[in-house]
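Each of the two complexes below includes chain A, the first together with chain B, the second together with chain C.
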Partner chain A sequence: MRKERHWYLFVAPALGLFLLFILYPLVWNFYLSFTKSSLIRTTWVGLFQYVRIASDRTLLNALYNTLYLTFFNLLTQLPLALLIATLLNEIKYARTPFRIIYFLPYVTSIVVAAIIWTYMFDPDEGIFNWFLRLLGFKGLLWLSHPSTSKLSVVIFNLWHWLGYQILIYLAGLQTIPPQLYEAAEMDGANSLQKFSKITIPLLKPTTVFLVITGTIGGMQTFQQIYMFGTAVGNPGRSIQTVVAYIYESGWVLQHFGIGATAAVLLFLIIMAITVVNVKFLIREK
Partner chain B sequence: MRKSILLKQGSMGAVLAVIGVIFLLPFIYMLSTSFSRQANIALPYPPQLIPEDFSFFNYIVMLKSFSVGLYYFNSGIVTSSVVGGVLLISSLAGYAIAKGSFRGKYFIFLLILATMMVPFQIIIVPLYILMLKIKLYDTRLALILPVMANGYSIFLMIQYMKSIPDELLDAARIDGCNEFKIMWQIVLPLCKPVLAALAVLNFLWNWNSFLWPLIALEDMNKFTIPIGIAFYQQQFTAYYGTMMAAATVAIIPVLILFVLVQRYVVRGIALTGLKL
Partner chain C sequence: MKISKQVKGKLIIFILCMVMLGLTSPAFAQQKTTVKAMMIGFQMEDWIDPVTGTTFNGFSRMVEKFNAERPNIELKFTSIPWGALIGPYAKTLSALLGGTADVIQTRIVYIQTGQFEPLDEYIEKDNYDLGKLIAHSAKVTRQKVAGDKEAHQYMLPIYADARLIAYDKKIFDDYGVAYLSHKPTMDELREKGTKLAGTNPVTGEKTYGLWFEGNYSAWAFLTYVRAFGGIPILENGSRPNFTSDASLKALRWLYELREKEVIPAKCAAISGDPPGWLSKDNKHAIRLDHNLAITFLAKERGLVERFGVSLNVLNKWGYAGLLGASDVPAGIAKLSENKDAAWEVLKWLLSEEVQRFRFDNNRVFPVLEKEISQWMKEDNLPYADVIAEQMKLGDPLIGNYTKVITEGRMVIRSTISKLLALDITPEEAAEVIQQEIMTKVIL
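Entry: the complex of A and B
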C-alpha cells in the first residue's frame, strides 16, 4: 500500500496542468456564459446570453458557414483521397516521393499558405483566373465576392487536408489482406467490383474516423478565415466560422460573455457529433 | 500481359505526377513570384515559372522590414519547450497508467481521454482571462504551459507502454531499481519510435499554432512565425514580391526538415488513424 503512493507523483504534472488549463477554464466558460462580461466587470444575467445568441443572425450565419464548409470539405476530400491512396497503394515505383509531395501542404502553416493563396485567387492577376481565361472562360471573383468565397475556402482546404487523408487511407489499405483480392479475381471480379465490394466496405472504420476528425476539425476552422477575410469573415461575413465569431465577440467587440456562450454551443455540437460517431463505431464492432 | 501491366503502371504514375504538380503549384508560385523584381507593383501576369526580371530585390526589402530571425528564435524556444515538456509529462503519466497500480488510476485514465474531447478553441475566453489574472499574459509561458499536457500524446504512450512485457520491469525491481529509474533506463529506450513520432507531431501542431498566440501575445518581440507574418501581411499586403519572399523564408526550412524526418511524421499520423 505504501508503495502505491509514488505513482501519484508520475501523474501529478499531467493532472495539474489538465486541471488548471483545461478543466478549470471549461467550467469557468460555462459560468461566463451566464454572465455579461467585459474584462472589468462581470454580472450574472442567467440565460440572457443564450436567448440573445439564439436570435443572433450573425451567429446563425457563422454556424451555417461552418457546417457548409465542413460538409463540402468532406464531400470533396474523402472520395479524392481514397482514389489517390488506391493509386499510391498499387503503384510499384516512386511511392515515397509522391507521398512526400502530397503531404507538404498539410505540414505548411495555414497562415502562410493563405497568404500565397490570396494572391493566387486574385481576380485580376491571379493564377486561377489566368488559367480560366486560357481555357476561354471568364475569370471568377473568388475571395472577393460572397458567391464564390466559400468555394475558394473549400478548394484551399482540399489542398491543405488531402495529404493527411491520403495517408490515413493508405495505412488502412495496407491492412487489407491481398488474398481477398486474389480470391475475388478468381471469381472473375473486375477492378470496379473489387473496389466497391472489398475496398470500400473494409475501409469503413477508416472513413468513419476521417469523418469524425474532419467534422471536429471543420468546427474549429479559424486560421484561413482570419487571413482571407479577417475575424468577421469578409466578404460580407460569407466565410465567418463559429470560432471566428468567438474571436470577434471577445477580442474585437469586448463581449467576452457572448464569446463564452458561443463556445458552449460549439462544445455541445462537437460533443454530440463525437457521441453519435462513437456509438456508430461501437455498433460496427 | 506484361505490356498491359507496364502500361497500367505508367499511366498511374502519370496521373499521380499531374496531381503532384497541382499540389506543388502554390509553392512554385510563391518561389517564382518572390524572385520577380516587378512583383511589388503587380503580380506577374501571365504567370512565369522563372521570372524574366529575376532579382533578389524582394529578399533584400523583406530582410530589412521583417524580423524573421527573431520570429524563428521565438518559435524555436516555444516549440522546443512544448515538445520537451510533452515528452516528459506523457512518459511519466503514461508509465504510471500503463504499468502502475494505484487507487483512482482508471478515473485518471478516463479524465485524460475526456480532455481529448475538449478542443482548445472552446476555452480561449476563460484561458485568456486566467492568463491575465496569473500575470502570464504576453509571456512565452502562456504559450507553453496550456499545451504541455496533451491527452492524445499521453494516450499513445499508454498504449505503447502496455506492450512492454512486465517481466522486464520485475527483473529490474528485484535488483532494487526505483520506478523512475526503471522508466528512464529500461522503458523509455524501448519507446523510441513512439517518442520520435510524438516529438514530430507536437512540433508540427505547435510550430504552426496561430489562434492562441494571437490572443496571448501583444509584444512584437515575442511573436512566433505565424503571428509575425500575419502582422507583416497587414502592413505589406500590396507588396506581393516582398510578401512571397517572407512566406518563402517562413516555410522552406520547415518543409526541408519535414522531408528529412518524414518517416516519423508518416508513422505518427498513421498511428492516429489506427488507434481509434
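Entry: the complex of A and C
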C-alpha cells in the first residue's frame, strides 16, 4: 500500500485544479445562496433567498422557458439526428464529406452564428420569411415577438446541435453487429422492422446518453439567448433562461445571493434529471 | 601573515571600486513608485481597421512614454476589453476590494462601496480645473458615501459619449418632407416619422419612419420621459417614478408609432442599427438614439451629404439624452499605498496628450469640452458642432447612474421590448416597470 502512494502525486495537479476551480466555487456559491450579497457587503439571511425566489415570477418564467427549450430541442434534434445518421450509415460514398457538413455548425462559434441568424430571422429581409413568402405563406415575426421567439431558438439550436447528435448516433450504429440485420433479413424482416426492432433498441444507451447531455446542455443555454435578446431574453423575457436570469441577478443587478440561489436550484434540477436518466439506463442494462 | 604594501594598496583600490559600483546600483538609485492602473477598453497594441486598412497606434506606446518621462514612477497598465460578459466590472471591482490596483476605472455605482479615495485634496493642492471637463460630467461623480457629511469628488470621467438623432435625407427628399430640425421635439418626430413610413413614392420600396433599438432601450426611454416633462427617479435617485403622466405619454408614443408600423416590428428585440443603415440601400428614415460612430462611418463611406444629425430631444430643463461621460469613470483606490503617484497617473489620463491619442487611435471621444469640436474639425470629421453641443446637453439626472437607473434598466429593457411587440399596453407597462424596479432592484 505504501509503495503505491506516489501515484497520488500524479493525480495531485488535476485534483488541485478541481478543488480550486470546481469545488471551491461550488461551495462558495452554496454559501452565497444563504446570504444577501453585493460582494461588497454580505449578510447571512438563512433560507430567505429560497423563499424569495419561490415566488419570483421572473425566475418561474425563466424556468418555464428553459424547460420548454430543452424539451423541444430534444424532441426535434434526436429523431432527426437518428434518421440522418441511419441514412449516412447506409451510403457507401462521400460519407466523410457529409459528416463534415453536418458537424460544421457544431464547431461554429454560437456568438458569431447567432449574429448571422439574427439577419436570417429578420421579418422584412430575412431568408426564412423570403422562403415562406415564396411558398405563399405569410412571414413570421420570429425573434421579434414572444409568440415565435422560442420557436426561433429551437430552430437555431437544431442547426447548431444536430451535427453532434448525428456523430454520436453514427458511432452507436457502427457498434451494432451486422449479423443481426442479416439474421433478420433471413427471417423476412423489412427495413422498417429492422429499424424498429434492432436499430432503435440497440441504440438505447446512445439515446440515453444524448438525452442526458442534451438536457444538461439545454438547461445551461445562455450564449444564443444573450446574443438574440440580451440577458433579459427579449422580446419581453420570452426567451430568458435560468442561466440568463442568474447572470442578470448577479452581474447586472448585483444581487449575488439571488443569483447563487437560482444557481443552486438549477444544479438540483440538472442533478435530479441526470439521476433519473442514469437509473433508467442502469435498469435497462 | 604579512601583506605587502603593494598588495594592500591594490586591495584598498579594489574595495573602493566595489563600494563605488555598489553605490551606482539600482538599489541606491532614486526609488521608483509603482502605480498599477486597471482600466477598461484601452486598445494596448497597434491595430489595423479591417474596413479602411488604416493602422492605429496602441496605448502601450503612451505607457512607455509616461515611464520614460517620469523616472520616479513606474506605471503598470492593464486594460480589460469592454466586450467580455463578466469581464470588466467583476475584475475592476475585485481589484478595488482586494487592493491590487491603484488607479481603477469602473462603474460609477461602485463609489458607494466607500473604497475610493476622495480626490478633493489633490484637486485643491494642484488647483486642478474641473471646468475643462464636459458640463456636469464631474458633478455626477461627486457623491456622498456612508459616513460622509458632505459630498466628495471620488472619481473623474476619462472619456465622453452621447446619443443623437440621425436621419436619411434621401428618404425625406423622396417623400417631400422637410428635414428634421436642429432640436426636434417628440411631436416633430411623431409627425415626420409617420409621414416617412409606407411605400417610398420614388423607389416603390417599403420604408419605416423611426428605428428604435429595443434591446437597449433604457436610455432612449428615459430621454423621452424627460422630454414629456417627467422625473423618472425621486428622492435623490432612490425611488422610481414610472407611473407618472410623462412616463405614460412616452410609452403611448412608442406604442402608437409601433402599432402604425412607423417603428418596425423587429425593433422589439434588436441590437444595433437597422439592416442597410448608413448605406445607399437604407430604408429607415430616422434612427433614434444614435451613437457617435456616425461621424467616422459616414465619412469613411462617403455618405456625409446623405445622412444628417440633430440633437436628441430636449426637455424643459434644457437637457437632451444621456450624459455619457460619467458612467465608467476612474478613481484612486482607498487601499492604494501610492496615492500621490496614482493622482499623477489620473491627471495624465485626463491630459490633452492622452485624450488626443485615444481620440486619434481608439476613436474614444475626449472628455475635454473645448477640444471635442476642435479636434473633430482638424480631422475633417462631420457633425462636429452638433456632437459637441450634444455632449454639453447630456442630462445629469440620467447621467447620475443611480441604482434605479443602472440596475433598473434591465426591467425597462424587457418591458419596452414587450410593449414594442404590442404584447402589453402602455398602462400595464408603466405598472410593470414601477413594480419590478421596486421589488427586483430596491430590495
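Basically, the second predicted complex is superposed on the first by the 280 of 285 C-alpha atoms of A that agree within 3 Å, B and C clash if a C-alpha of one lies under 4 Å from a C-alpha of the other, contacts with A are read in each partner's own complex, and residues count from 1 in each chain.
In the analysis below, a contact is a pair of C-beta atoms (placed from the backbone, for glycine too) under 8 Å apart; a residue touches a chain by one contact, two chains touch by 3 or more.
All values derive from a computational prediction rather than experimental measurement.
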Exercise. Please tell me, clash or fit, for chain B and chain C sharing chain A in the overlay.
Key: clash
Quiz item: When the two structures are overlaid on chain A, which partner does A:235 contact: first (chain B), second (chain C), both, or neither?
Solution: second
Quiz item: Per the overlay, which chain contacts more chain A residues, chain B or chain C?
Solution: B
Exercise. Name the contact category of A:43: first (chain B only), second (chain C only), both, or neither.
Key: neither
Exercise. Based on the superposed arrangement, let me know which partner A:93 touches: chain B (first), chain C (second), both, or neither?
Key: first
Quiz item: Which partner does A:247 reach: the first (chain B), the second (chain C), both, or neither?
Solution: both
Exercise. Have a look at where A:119 lands relative to chain B and chain C in the superposition and call it first, second, both or neither.
Key: both
Practice problem: Check whether A:196 is in contact with chain B, with chain C, with both or with neither, and answer first, second, both or neither. | Solution: neither
Practice problem: Could you look at A:146 and tell me whether it touches chain B, chain C, both or neither (first, second, both, neither)? | Solution: second
Self-check item: Overlap of the chain B and chain C footprints on chain A, listed as residue numbers
Solution: 39, 118-119, 122, 124-125, 226, 247, 251
Quiz item: In their shared complex, at which residues does chain A touch chain B?
Solution: 4-8, 10-11, 13-18, 20-26, 28-29, 32, 39, 84, 87-88, 90-94, 98-105, 107-113, 115-120, 122, 124-127, 130, 159, 162-164, 167-168, 171-172, 175, 205-206, 209-210, 212, 216, 219-220, 222-223, 226-227, 243, 246-247, 250-251, 256, 259-260, 263-264, 266-267, 270-271, 274, 281
Quiz item: Given the complex with chain C, which residues does chain A contribute to the contact?
Solution: 36, 39-40, 58, 118-119, 122-125, 141, 143-146, 149, 226, 228-237, 240, 247-248, 251-255
Quiz item: Where on chain B is chain A touching in the complex?
Solution: 9, 12-13, 15-17, 19-20, 23-27, 29-30, 33, 42-47, 88-90, 92-93, 95-97, 100-103, 105, 108, 111-112, 115, 117-130, 132, 145-146, 148-149, 151, 154, 178-180, 183, 204, 207-208, 210-211, 214-215, 225-226, 229-230, 233, 237, 240, 243-244, 247, 250-251, 254-255, 258-259, 262, 265-266, 269-270, 272-274, 276
Practice problem: Give every residue of chain C touching chain A within the complex, in rising order. | Solution: 85-86, 89-90, 93, 97, 109, 113, 115, 206, 214-216, 264-271, 275, 407, 410, 413-415, 417-418, 420-421, 423-424, 436, 440-441, 443
